[in-house]
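What follows is a set of notes on a single structure, which appears directly below.
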């Protein structure tokens, strides 16, 4: 308990979604103490939010720049901060805390442009600070198992990487009805040029990258906007070339009526394939060539001891979204305390931004193959 | 945060299972502070466990009786205690805390005999204390939805209640290999006369009772012991009569090779049926007569606002075992703070014991119908 | 093609269900030529039915007794007859054809009483004729695989046999609305004393017997009638004892709202378990103790060559109800031509009747264990 | 029975696959009599095959051209012929029979080039003959239901069409081991330039076209060959633009380890979505925006009477691959007898060839959008 990390938060005021998720994840992990925050640009809401989450009044800040400076000066100042604002604020906030020498945990995507991401990468390197990006699905125990199977060659030569992420909450124009989550996510000023692509497409890409260890070399992408009046894409089809004979495809949609949060990853190798669905996250289908497919389960038969730390309860006792998120916080905590954390760091987050920009470029260029820039 | 409940624990030392689960659940709920404990009869392990969970040395006790007395006298003494020992200690520990005027949260089953349970029921009533029993699956949001559908008549006249709970971890004689969880659960001195019946059969029965609101009137039961050398049952088949034209069956097994923790409930009414599986707990199958069946989801389309408090994250973001357990702790907390909690209290826990005893009696009597006594 | 069997039918007039199924199955098998029939007690419908299925007018008979005599005398008379009438006519019709020296294929259950079944068994033995009973689900390729796995010991010692058969077409009193299939099945004069038990419960029992090779030794049964005004049971719960340490349960229901034709078999042994669902009949779940469960598929990886004859198309090309039925006709044809057919014969069909009678007796006797008589 | 169609076959000798499937389908349909054939270029096998399927020796032909001429001259000559050879023979054989005035049933794809397909289209029109192509999955009852739902507007504006067809039987180089089915399918001389694309990709495309009624306007395609030494593609990713705001993607693979015959179609509209999987063909997932998704079943609740003719048995009694194929034969028969058949005719089959050629062109041109030519 002495290793508890003093922790702050930017964004995450009442009635938001992702800030509370970060807090629940940290609480489930058990190694973070939320002691400072700048929860909202609305001063009253900021105070109220702080009160509800137990942050003392003198650690509540009107703006993140002030928070970074003040906390850096306090002897009991925060060790790390989580940034859970709309996308366009990730960059200035992360920069402020990195410059103040405070480790940063940032919600995805890291920034709204590749250029900003590269600048943060340089800054983090200069400052010697962690810049972790919370691609939470990478915290799932079965995703860790999948990555381990790929790494040990169980799949043989990796041939195909298919990933899809389907939601339907933007199937209608709810941003015009004032739905807060929808409003900023479909506003290019706040979300960036990529809509569905930047919100969940990048989740899908990052997951594929995380599990395979392979960044895409080039992409061919078709972005579509189905909902009249929407200013960003709400569906994206991407063909992927990972080089060395590995191909794939990515489909992300926020107009996929009948899908809640259907992130699904399938990998095919020369020896075996695996498939995972986020909505039933405790199972992994594993099929060897010439064998009947098997359903592996979290903490079940054959689950490797090396991945035990990503499990809290036995097989058959389902873990879910928050547990995966908490696992990620656990890894970030390990990174903060020992330097050995296993999570998406700034280098991979930069690659995610390169993916987004390449998709936009291909879409603008008759769907042609477009290399990922770095 | 001012409503945080000062909380103690009996049992739950390191390397145990259910104690850590109670702690995780309480932490996820966020309203309990663990400040006292008697975690193990082994003094060294008791101290070590306390240290790991952050209980101060002066609040660690060598025995639960002393703990009950001391905490009752302290001005900052615990408001409630969780008892997470093997079954045979539930009764004396619960009695000690109830007599000391401390509310009790007890793992299931309440006791090892109906007689003991009835005594605790009287005591809790006399003392005006809560005696909650953690039938954790009743905390699942979809189980709450199921109960709500039954209560509002969506199923019509309830005809059939089928429940099964299948595990395979006792398919071999691991108690002779020193597996701690197996050892006490298969020892009649610690677990009581009922083995599988008392460990998970009663979970299944309680769940059926909770969702339907109906206790069984009579049972016809066949208990079997498949594993050579085992001293308690490891499989039970029960035919159920709930009266008023509602029948059913229960199957619980701990030798069901290929099943991890497969608790499944199906209800059939004259108008509709529902089905739920604990291993995929965010869905509920709902089929109206003459209609295509629907898959309802936690927090999904049509999920009632009145049950929102059992959800932490949106539809498609799976919640699991710990979230359900945390929901139960949340209800117990509401009970402690407002008297309005919705959980299995001592009266229903007594009925669970009556169920166990009736099954044992039927099995001893040629499978004949046996009424539940109270 | 020279081995085509000259074949007749009793029952199976237009607008019936099972007669047409027998004809489709025989046609898919390809080894039967329908040349004679007594399709209906209504003379006009009898002629019309014959015309539609291509039976020549001189081979259409007003009653089955006359058909048996005439066909036995013709040099080109039928080799075998299928009896697809309501249950109460199975006995007299089967007797007539057996006495005439004609092999009999009878729909299930064989008769309406055990006594009749025993008489047919004697008669078939005296006459040296085949008396096959079309428990069609036993023709499914995966059921054959399941039986083969049990026989070769893949499951280890067989511990549990759980079978259920759920339908909902009798959830309301459609027999009073003149639905023909419902009318005779709920009329004790035509169906026998057992309703759901005799219609589908016996299917479930037979399937368990077929796959395990074990008849039940004793049963404890609860029959219920949920639909007001119905004269036979529409739901049955049976606890099963197969002797030698094998137990089980059977649930059959025709009021299970939301179930179409959900026959499901689960076997648990000391080494492995298997599970099969008729509505997805091309798969079989196979779980070895300590291994991740596998999904075996018809004609898929590891499917044994010895069972190839039960498959028409490759893995992934689903076969269904008619294919299973046709497989059974193929086995009966093999029996007729070579004496080597593998199907439910009269001895097992007698056991099915003993099961029905034991269930009725246990239900009449406070659910007590009741041995199967022979 | 008087309407039975005299029918011939080109290809389909012993040990082949698809010829026997056509014969089983026709037999299950019940309206075709196989009376002539040219089953193999090997004279001995041709005779032997004819004998096994019951074709008289004087109706067995050494080559299809002779067969077409002779049968056209006979008063009892065949009304229709099925061509079930490797792809490269479809064109000359179909031409021969069309020229002889005989209706043609051809396996897919129609030809190996768009040019040939267009020539056959002209010829069929001139001759006034049917040229049906057996895209068998379009015969499935639930596919018919899907098409009907789209047509009646249940999905609203159609936005997305996702189709995939995954197999793994070509995951290794079995063509070099002499596997007959693999050999011709991977030989550009026999199969055409498209490998996986022409074998199953076109099935997937045709299915999407059939259900939506929409041909693709343009495609962006990536063809890959994963297995060393293979001369044709074995995996294809296609992005689809159907015009009028409908987009989609198609993935076909014959190296998808762990997939048997996984054809899956998903359609998303502004009001609802549907999803169908060929390996579980009796169900269709239907999800309306804002409603819990439903599982529709063949012949189940709400199944439209107008589609009854595509069902042989009740809901819950699975139909499969052969039943769908037989339905298609039934529709072709209706076409032959009444002119009202509902099946893929030559016009749509020409569009399928245009799809193949556009994919090849896009793949050769940096994945750029490529319009379908006609």
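Annotations
Chains: A, B, C and D, in written order; residue numbering restarts at 1 for each.
We adopt the following convention: a contact is a pair of C-beta atoms (placed from the backbone, for glycine too) under 8 Å apart; a residue touches a chain by one contact, two chains touch by 3 or more.
Owing to the predicted nature of the structure, the values given are computational and were not obtained by experimental measurement.
Separation of chain B from chain C in touch steps, taking the shortest path, is 1.
Farthest from chain B in terms of Cα centroid separation is D.
Distance between chain A and chain B, defined via averaged C-alpha coordinates, is recorded as 36 Å. Computed from the mean C-alpha positions, the centre of chain A lies at a distance of 55 Å from the centre of chain C. Taken residue by residue, chain D touches two or more other chains at 259, 293, 297, 300, whereas all remaining positions touch fewer.
Within the complex formed with chain A, the chain D residues making contact are 159-160, 162, 168, 171-172, 220, 222, 224, 226, 235, 237, 239, 241, 245, 247-249, 251, 253, 255-259, 268-273, 275, 285, 287-289, 293, 366-369. On the chain D side of its complex with chain C, the touching residues are 1, 17, 21, 24, 27-28, 30, 52, 54, 167, 259-262, 278-282, 297, 300, 312-323. Interface of chain B with chain D (complex): residues 286, 290-297, 300-302.
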